[in-house]
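Each of the two complexes below includes chain A, the first together with chain B, the second together with chain C.
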Partner chain A sequence: MHLTLEFGGGLELLLENSTKVHKVEVPPQDGENMVTMKGLLSWVKANLIKERPEMFVKGDSVRPGVLALINDCDWELCGGLDAELEEKDVVVFISTLHGG
Partner chain B sequence: MGAGGERTEAIMREIASLRAKRDELDSRIRFFEAQLRVGGASPPSTLPPSLSTKLDAMGVHAAAASGGLSPDMVRRYSRQLLLPEFGVQGQRRLSRSSVLVVGAGGLGSAVALYLAACGVGSLGIADGENIMHVEAYVGQPKVKSASAACRAINSSIKVFDHHLKLKSKNAVSIVRQYDIVVDATNSIASRYMLSDCCALLHKPLISGSTIGLKGQLTVYNHNGGPCYRCLFPNPAACQSSSDNGILGVVPGVIGCLQALEVIKVATRVGEPLSGRMLHFDALSSRFKTANKIHQKSSTCTVCGSNPNFTQDDFMMFDYDSFAQSTKSSNKPTPSLNPLPKNARVTCREYKRLLDSGRAHLLLDVRPVHHFQIASIANSVNIPLHELKEKLTRLRDALSEVADVSHGKHRPLYFISQRGDDSQVAVHILRENGFPYASDIVGGLESWAQEADPGFPVYW
Partner chain C sequence: MDSSSADGARLPPSRAGSRLCVRCGERKAALKRPKTLEQVSPICRECFYVVFEDEIHQTIVDNTLFKAGERVAIGASGGKDSTVLAYVLSELNRRHNYGLDLFLLSVDEGITGYRDDSLETVKRNEIQYGLPLKIVSYKDLYGWTMDDIVKAIGLKNNCTFCGVFRRQALDRGAALLKADKIVTGHNADDIAETVLLNILRGDIARLSRCTFITTGEDGPIPRCKPFKYTYEKEIVIYPLYEISHISVCIYSPNAYRGFAREFIKDLERMRPRAILDIIKSGENFRISTTTRMPEQGTCERCGYISSQKLCKACVLLDGLNRGLPKLGIGRTKAGPGADGDGKQRAKGSERNTSSLQGKHGNFDF
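This part shows the complex of A and B:
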């Protein structure tokens, strides 16, 4: 499945060359024919995150302080970990900032 | 400086403080004068009473002078009065609103200045820190500099300084006095504290934040929207802006946008950024708005359907440990075995070695961009995270230095900013069969204090 992933708020620093936008092909998980957010998170952790994965995921989910958006909508409103992704969806991960 | 110099300084300080008091009194006098003009008696009606009643029934009203705005206000705000969306009603609502800006750093000073210029009725600024960045005010409270700038741009509004760090113990009594609150603070602890306080007191919170070249903006506790805790029930481990650089225009951009959201909430014009969040990336000049962020959470401990968080709980809540709790577990600092005494030198000891001219190598393990700002002459930069991979090549160079020193003194020294990373570096070398490395205790921060007062301090 073709997805566009964007990382912001400092999360891009965990990726190779700190690249913010990634156009990727994510395969469905074993025994399924779709990609869920849960599947996407483990795929990102295995394929894109180069360092400090604990700054991105905690358990199955994103760590506290990270907002995940599917097509500009909070993923928790789309079903959270079970949210089913569709071809060409844009998924954004942004870490919250607190400096002033 | 002699006793005479100290006395002069004391007098100068006294003069400055008296001047500040005079300015404040002047601005209050001007405010009340403006009030007199606004509230001035309206001229007697020239319309026959019967016609007046008929017109009223049609929904047409005879004009009050200048729509209730003083000539001074009309002159001052004419540009925004001419905006049909805003108009006299917008200005009147703005002039009656009171806004508290918490934090007088890059964000807060931008917000406050624009709010003063557009004419909010009263503006409070709360900050406990002293200033480092405005030349005329170095060493004075940040709130003084920020409020002076606000009074200078608009003497007709009320500006209040709260020179204190807002905490759960003192926040309620201050926040209560205002209609709208602006979060321009710089720590996770203060962000939770302020959001909880505003949720308890039902005050809209205009929240802006920046780190490096990025910024974020949203409005909490407004029109049934979420609070900070609804979005982030648990504190995150994230970077702090004091450890990272910041480009002043970035908080300037976000601060201006915060002022805009305040104006929209105060005047009920437009669509405030509630339940939405704006992200700004300065490097790529991109704004991205997440149009549907988490709504108000029914399970939120502070604003949910069964909140069990009272004002008393709030006053007792330890925000510092709450914010620290996950920080430490998410970001473990490697616990170091203490280095043996002979593997550590003080800055003064190292200075003596440097002055003696004996052969040695000083490795600076800070990041490259830190090293480029300032470094000790002849030191060599190997950022800590590159040390392991460069070890093999380093070993040859090191054995040469070791030969030259004939074992009479240690050939290799490590320095870092605070003296933590240099210890890690010494450990790495010891683990890899090179026991002759020392770290310089306290790093460059001590070096600048004890050995080289001319060292450019950038931290």
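This part shows the complex of A and C:
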């Protein structure tokens, strides 16, 4: 599934070359036929995060203080971890845990 | 943590956009707001802007933060909070005819790759919002940049220096601008965190002050926090379209604040109201009238407000200039002789007459 992922608020520093926008192809997790946020998070952790994964995830969810938006919509309104993603969705992750 | 049952009612999670905004009832909801008494949620983006700005206006009015004709310096770091504050204040000033003369006031700490970028943000704000900008630098004020300081002391306590120096720098800059008031972008999360830190440190004097929306009213330039009740989550979402311009301090991952902050965020996830509840608890602390509080005087060297003979900035500067940069930092790990607990205490008691004073933390609000 084609997804566009954006990382901000310092999360980009955990990725290769601190790239903010990633156009990626994410396969469904084993035994499922769609990509959920839960699946996406573990995919991101395994494939994109280069250092300090604890700054991004905690347990199987994002670290508290990291906001997630699916097509500009608060992921808490979309079903949170169970939200099912669709082709060409844009998912934004922003950390609020920084100076300012 | 299991988040699937947080909402209870709707178990099969619905895709984005299936719920309507509770305010306009027309557009798709885009944001779940922290649950507080009057807040409408979920809400669409358009209604969110209106409600977000209205709530801040209400805070300003309810607390009479400003008087018409005042010159107000906006402490502008280029970070998300102060950038949103500058924008919202200039909007509200125009919309509701506050009659304020607004300025941006920035401090250049001298952190390569951080301030360079964020000062660019502030300069852009100067143009976008039509607000005059004044920049004061640590180098000018103290003779040291933060890069120099980190070279001298490492990454452990650098935020102490930065915080203490910044506080004075804002005051000096504001005095230079002949400002009547300083506003800062401290948000509800910041204040809840400070309440917890002051409890953990046993710093009663600051605990009683840290929840005030306006402080320093007896001093030359009072400070206020229009975002006192505004959640960080919403401040981050508000300017989303330009989030990429917002800078992150490269030294901050080592800040002591991180631990309490993470705790606050954990609480927020379980119970969003927790942040406001902590602020409320902080406000309701009553300190026995017989408790002896540190007296506020002025620093013998620079004249800045201080409860000690020398203000914190002068003590820290002394240490830096004498090659003993750990002087004035915390109570423990004062240097190689960390075993010298007795020595520490003796030193502490000659400096402090009140038992409270020795317990001051490093951060100031």
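The criterion applied here is as follows: the second predicted complex is superposed on the first by the 96 of 100 C-alpha atoms of A that agree within 3 Å, B and C clash if a C-alpha of one lies under 4 Å from a C-alpha of the other, contacts with A are read in each partner's own complex, and residues count from 1 in each chain.
The definition used in the following text is that contacts are C-beta pairs under 8 Å (C-beta built on N, C-alpha and C of every residue); 3 or more make two chains touch, one makes a residue touch a chain.
What you are looking at is a predicted structure, and each value in this text was computed from that prediction instead of being measured.
Chemist: Kindly classify A:Ile49 by the partners it touches after superposition: chain B alone (first), chain C alone (second), both, or neither?
Modeler: neither
Chemist: Looking at chain A, which partner touches more of its residues: chain C or chain B?
Modeler: C
Chemist: A:Val91 contacts which: chain B (first), chain C (second), both, neither?
Modeler: neither
Chemist: With both complexes overlaid on chain A, does A:Gly10 touch chain B (first), chain C (second), both or neither?
Modeler: After superposing on A, A:Gly10 lies in contact with both chain B and chain C.
Chemist: In the overlaid three-chain picture, which partner chain does A:Lys20 touch, first (chain B) or second (chain C), both, or neither?
Modeler: Both partners, chain B and chain C.
Chemist: Who does A:Pro64 touch here: chain B (first), chain C (second), both, or neither?
Modeler: Both partners, chain B and chain C.
Chemist: Kindly classify A:Val35 by the partners it touches after superposition: chain B alone (first), chain C alone (second), both, or neither?
Modeler: Once the two structures are laid over each other on A, A:Val35 reaches no partner at all.
Chemist: Is A:Asp72 contacted by the first partner chain B, the second partner chain C, both or neither?
Modeler: The answer is both, since A:Asp72 touches chain B and chain C.
Chemist: Overlap of the chain B and chain C footprints on chain A, residue-wise?
Modeler: Dual-contact residues (chain A): 8-10, 20, 63-65, 67, 69, 72-74, 76-77, 92, 94, 96-100.
Chemist: Could you please specify the touching residues of chain C with respect to chain A in the complex?
Modeler: Residues of chain C touching chain A: 1, 3-4, 6, 13-17, 19, 28-32, 42, 45, 77, 79-82, 185, 189, 232-233, 236-237, 240, 243-244, 246, 248-249, 252, 255, 258, 261-262, 265-266, 268-269.
Chemist: Considering only the defined contacts, which chain A positions touch chain C in the complex?
Modeler: 8-10, 13, 20, 59, 61, 63-65, 67, 69-74, 76-84, 86, 92, 94, 96-100
Chemist: Within their complex, state which residues of chain B touch chain A.
Modeler: Residue positions touching the partner: 103, 105-108, 183-188, 191, 208-212, 214-216, 231-242, 244, 246, 251, 277, 279, 281, 284, 288-295, 326, 330-331.
Chemist: Under the touch definition given earlier, write down the residues of chain A that touch chain B in their complex.
Modeler: Listed in rising order, the residues of chain A that touch chain B are 8-10, 20, 54-55, 63-67, 69, 72-74, 76-77, 92, 94-100.
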